[in-house]
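What follows is subunit A paired twice: with subunit B in the first complex and subunit C in the second.
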Partner chain A sequence: MSEQPPIPRPEQRPLPPAPGADQRRIVLPPHRERARRPRSVRVREWVRKNLFPSTGGTLLTLIAAGIMGAIVVGIVIFVFFGANWEVITHNRWLLFAGGFPHEEAWRLWVSIAVVFALIGAAYGTWSSFGRRDHLFVLLVGGFVIFLMAHGGAAIWSTVYFLIAIGCMYLGYAVTIWMPRETSTLRTFQQRVVGGLLAVSLPLVLIILLVGGEVGPRHLDGFVLNLILAPVGIVGGIVLGIPLALGRASRLRSISLTCTAYIEIVRGAPLLGWLFVALFILDDVIGGDLIIRAMVVMAVFTGAYMAEYIRGALQALPRGQYEAAQAVGLTELQRTRLIIMPQALRISIPPMVGQAISIWKDTTLVTVILPLRELKGNADSAIAQFEFTPDRIEAYVFVAVIFWIVAFAMSRISQRVERAQGVGER
Partner chain B sequence: MRLPSLRGRRLVSAMLFAGAALVAGAVIGACTSDEDDQQAQATEQQQQQMEQQDQPAAEQQQEQQRAAPRAQDSGEPRGNTIQLVQDRGTLKCGVKQTQPLFGFRDDQGNVTGFDIEFCKAIAAAVLKDADAVEYVDASDASTRFELLADGQIDILIRTTTITSSRDMELDVDFAQTTFYTGQGFAVRKDSGIDSTSDMANASICVQTGTTTEQNVADHFTDIGLDYEPTGGLSQDVAAAFFEGRCDVLTADASDLASRIVVRDDADDYKILPQIISKEPLAPGVRDYDSDWKDVVNWVVHGLIRAEEIGITQANVAAMAADPPNTEVARLLGVPFGDGEVATLGFDVVDAQFIQRAIAAVGNYGEIYDREIGDAIERDCTLNALARPLPSEAVDCGPGEGGIMYALPYR
Partner chain C sequence: MSAQAPAPPSPSAGGPPPSDGVPLFYRRGFRRLLQQGLYVAVTGLVFWYVYDALNLREFGFGFLDEPAAFKVGNQWLTDIDGVTENRITMYLVGVWSSLRVVFVAILLSTLVGVLVGVSRLSSNWLVARLAMLYVEIFRNTPLLVQVVLVYAIFLVGAPIIQEVVNIGDFAFISNRGLAIPWPVPSDGLWGVPDWFVGVWVALLLAIGTVAMTIRRSRQNRERETGQPQFANRWAFGIFAVGALVTFIVLGLPVSIDRPYIEGTRYLEGMVIRPEFAALTIGLTLYTGAFNAEIVRGSIQALPTGQTEAANAIGLSGYQRLTLVILPQALRQMIPSITNQYLNVNKNSSLAYAVLYDDLFRVAGIIQNKAGHALEMFFVIIVTYMLISLVISAVMNFINARVTRVGV
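This part shows the complex of A and B:
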């Protein structure tokens, strides 16, 4: 192959972005700038340098490629030829909502539409959809539609899901269209969307459970996971903030109480606390088992959240407290305006870790409690006589669903971190 | 704020700790002393009972003693489940939701299966509504008896084996067996194994934490052979066997049959004729509640009797309107001719409870055919009627034949 002359690039590289602008764009250092050559040359060079640098390296690359190829081929063969996905498509309602009454199914769809619209509005207000976000929505949407559209009677659930996605883009469009320059309007918009987000969980619970023939015990299948985890996470943060402040308090009675709460709750596994919900809380607070499970989830998560927030409080430079004091803020103002915003920002990464952890721990309610969530209903699906040989398919499906949600949580939190500038200040 | 001196702070914290410890101690003390008292009383009463065995009053006292804590806790009378169920208007039925054929969920989320039919029959009998059942998930074998003892379910119908130790040690009483099975072995046909004596050093997949595991251990001790157990949940060990990770799968023979018959490669496997244990599966109720246990018992017997004398879901209404003989009239709780209705003492659920149960789910044979059908052979097994009707007589081999035998309604 003949050596091609370097093609002059028509435009100059953009200047390094100003601080605060989009941080994702990679700015090449000057010595790399020089090396810009045609794409084919660069690819060849990259391949030689990274994959085949020496005999040993080449060998390793070939072995790794062989293993990875075998895995990929295996997965493709399993997914498209070996697996019998009928266990999933046949049982999609069982897996999704289980015993939720059919005539009340609109509650599920309205809730989903509301949540999707709010996600869209939040993206439109504080961020924007990138190409990868659209791709994620497209892939997940396609996956869900593929599952739900199987069989004629399910066509409406597909339509409802599409409407929900439509609501998301509508919320996004409305909020992104709002002018960002006018600061009063923007503040107003942020307050409205923020307020809606704050009340979204109670709102969804009201839509799902108030009136009609439905009660907490009808929460079943994937819907149960989708309710339990947010209740645990939001309840945990709501409990965690006062607990963290209380533990750091100089009043010993308060700090001892909070410390005792945190240490006692953290000292036993969630499994144990679920047993408490099953056999002890029954006589103490009564109520539906699902409500008790929600309480335990929130109480348990609260102890961890409190510790993450306390860690953040301690990480704040002493000067922040002193400066706030110096300008004459009261204790409450100082906490609300100076300390908490910074502490919460610092504690986002560990709190998201805890959130993902509690999301996966929602499966424990089937292990310990007589409640059936997604994994439990997958167990029931493979107990259907004709599907007893198809357990791998059912578990793979459940794993993918859990991964999708955990991944979405991780990505949204990255967005929030970036918007809040975590790790940059 | 001026911090007090180090000593002062230590003093404050020490006092706080002391106060907290005192409060905690007082609380714990109050709780435990309460329990101790109760336990002491219970022991005392047991001794009394042992001394005065001829006095039924002692037993009654003990029943009250056991019933009391629950009644105080939740205001529900514990000793009378029928009353509890009728006041509540629903039957809390503890069922398994992961057992093929016996207890699982259909694609619409409904709990269904062989065991569930008996929940419906009992609800129809006691509440006059077969749908007034709240199915509580008791899939977890380790907490099933706790759920029952704790009062979170009224009845446990989930392929539970009657054993003497469960009956004596746990707060559970067993009603009439609904399904007889026994522990068997499945092997691949080409494995050359024909009985357990060929299984020296074989790897055996067995569900852990159940009677199954103990049975196989005892059996191999008896025949003096070694084996390698591979444990896990029932569906996991079955999958392990079909993936070739062990030579032998042992479980209830009915479970083995249902797991094999559904497979594409069912012909590659066989179930050995050898059965090493008895596994009678029966509904469980709480101890010290004979009326409730009696009703459950007689519902099951009634469904079996209905099959014996040919009352079906389809003809039960006609039979009740015009009973062909006095026994049918008695069973269905209707008068024969100008006679009176024989209540047979079932005032608490009224005389027509069997009629409602049959109308809801059919007789025993109909339940079997609908829920299990060909998946597990019934003819000539223990689950066949003890006395086949002459028209349906089946030629069984020596030692074969059913033991489903209804007690008389009179």
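This part shows the complex of A and C:
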């Protein structure tokens, strides 16, 4: 071992020979080298490499361009010439809120403003709006206003919607303006916004339903989707955490029943459970059909959430359990302070996937329950005599609306993952 | 699992800690007993409440044996009249309809998934964008809306049967569905009885087995000697000749029936109804988008060295994909894809929305006629679980096959 020559310290290394004038060319890494060339050359290179690399590649590009062109032309022709969008513009309120009384519409707008403001505040606290986010808001806002502007006056609705978007940017401005350096203030801000987010669902339900002439049975149209999905998601997480812990429990009776619950619920499709809500739960818990549907949504989502959380629990390194035990935490403290925060963080991506899934599944209440959410009210719209030929238009509209929200959810989840450092560690 | 370092004996594994001197209330055994006792008591109360509320005195499956008295559409290979048959038979007809949808949708969605998933990673910018567009659109819209949209396109877009699109008297397209030719048992050369079809199919199976054995042995010889033995060509040739010879010897037991139209109905041939098509296409497009993401993820999870090595030994793009990338990615993707197949099974219940008589809809009709919601739900959930079990078993078998092959 001692025969190895001592490694020379940096300052003792012989210096490289002083570069002569002819040797001064600096060799850059390939991507920097490419970047030095003029833009037009780079564009040409990119096009050749990515679109026309070879005969086969060129053929593929042409085919793809043909397909894409056909789709775009088809969509343009359908949207601007072939389709009769009156089925939508004529039934705006039916699709949006259905049987929700007109004179109580302020409740809807206040709820939307509150939720928008909270979204803005959350963005300002944990992330920031990028150019794409502004573009998304602009496009969606433009779409909604375009919808309102067509076929009769909806000026006040437009104004209310604009105010709601204003609330979002207000919440964003206030939170992004707060100094980020002072840690106590920042912690306080995060606690406040997080707490508000946590109580936002009950808050919205209170705004919507308490006092006045409205009850759960008035939740209708798109509003019903907007309520059912969060109830399912939040209820699912609330149920899923104890179920996951229960399934992982050492106590046999607990793990057996939790496993049975999860597997049985996952065994039947959601439609089957809505069947239960309609015909069987009536005898067990009674109440309004909408309430029963909400319970079923939460129970159903809970089983799936539990599986994702269980996966995260198993993915946690054993050392976390042992370390918690070593510092003398009780089982409850260990779960609350060490295990759950990490497990929930890991399970964010699949849980968001499940949330998007339940958002799309809110349409299923129409299929066998006499409840009318957005798709159901689209059915009512095309049941009107003058709109019977416009089925495709109505369903395309419904698909677009669902797509907008689901897409926004997936984008927000990417932000959350980045902010929480999921997958980085 | 991590390296097999000698773990310190954890208290849960190393027997109970000494309990002398600890008050009874704080002993672990007593604690567990207390917790379980409380838990069992509470769950028992809930169960008792539910049991009491359900009022199970009339629980029983006798009603399934009564005459069904309703029609079940969209039958294939069966033509069972619900007026005379009992309810359980009609339910089984519904199960058969579900199985067809699930099977076709699983096959097609896998194809779409592999195609789109590979396209998403294409070096061709336009193809990759097109694939991404497809995934983002179909993953983020409800399956129900996709199914009813396809159904609406069929109903609105296809012509009525009086203005049917006739493709050379060979196939017909109208809003009653797509009618195509289909093989049926025939009289053949000398009044061949129908059961000769069964004989022929059995013979085909036997010939196929022989062909596969020969293929295997030729492959082995090729591996040993290094001389090309054309295993696939031999196997295919034997099968084709065998099938033709037996077909002629048995007196042409099968003929192709071309569909025709009488009044407003399709007769003969095979009719793909709009309900079946809408449900299957919807399921395929929706699940295909998810499968594409799974395929893409599994390919991306492979080390880049695999692609580089394949390029280095001079494989073409297609060879690289089929010989190097996909076989390895398959191992990664099978568990997630299995999950998607189980979802296809459960999502096939959306047949209800387009009035396709699958098991769920037939069960709904029975419940509508006879009541007994709890029993019907029990039947439904057991059926779905059984189908799920079969899918899982098949996929586990494939998984075992795929992971067993050494690299």
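By our rule, the second predicted complex is superposed on the first by the 386 of 425 C-alpha atoms of A that agree within 3 Å, B and C clash if a C-alpha of one lies under 4 Å from a C-alpha of the other, contacts with A are read in each partner's own complex, and residues count from 1 in each chain.
Convention: contacts are C-beta pairs under 8 Å (C-beta built on N, C-alpha and C of every residue); 3 or more make two chains touch, one makes a residue touch a chain.
Here the structure is a predicted model, which is why all the values come from computation and not from measurement.
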Overlay on subunit A: subunit C relative to subunit B, clash or fit: clash
A:Ile176 touches, of subunit B and subunit C: first, second, both or neither? neither
Subunit B versus subunit C as contact partner of A:Arg250, first or second or both or neither: both
Partner chain in contact with A:Asp283 - subunit B first, subunit C second, else both or neither: both
Touching partner for A:Gly98 - first (subunit B), second (subunit C), both, neither: first
Superposed model, subunit A: greater residue contact from subunit B or subunit C: C
Partner chain(s) touched by A:Phe385 [first = subunit B, second = subunit C, both, neither]: first
Subunit B versus subunit C as contact partner of A:Ala399, first or second or both or neither: second
Which of subunit B and subunit C A:Pro370 touches, first, second, both or neither: first
First, second, both or neither for A:Val416, with subunit B first and subunit C second: neither
Touched partner set for A:Ala268, first subunit B, second subunit C, both or neither: second
Overlapping contact positions on subunit A, where the subunit C interface meets the subunit B interface: 250, 252-253, 279, 283, 366-368, 389, 391-392
Contact footprint of subunit A on subunit C as seen in their complex: 2, 8, 10-12, 32, 35-36, 39-40, 43, 49-50, 53-55, 122-127, 129-130, 136-137, 139-146, 148-149, 152-153, 155-157, 346-347, 349-350, 352-353, 360, 364, 367, 373-374, 377, 380-381, 384-385, 388
Interface residues, subunit A side, partner subunit C - complex: 49-51, 53, 57, 60-61, 64-65, 67-68, 250-254, 257, 264, 267-272, 275-276, 279-280, 283-284, 317, 322, 325, 356, 360-361, 363-364, 366-368, 375, 389, 391-392, 395-396, 398-399, 402-403, 406-407, 410
Residues of subunit B that touch subunit A when the two form their complex: 1, 12-13, 16-17, 20, 73-74, 94, 97-101, 103-111, 134, 136-140, 143, 146-147, 150, 152, 235, 238-239, 242, 258-259, 262-264, 375
In the complex, subunit A residues that touch subunit B: 90-94, 97-100, 102, 217, 220-221, 250, 252-253, 256, 260, 278-279, 282-283, 286, 366-368, 370-372, 376-377, 379-386, 388-389, 391-392
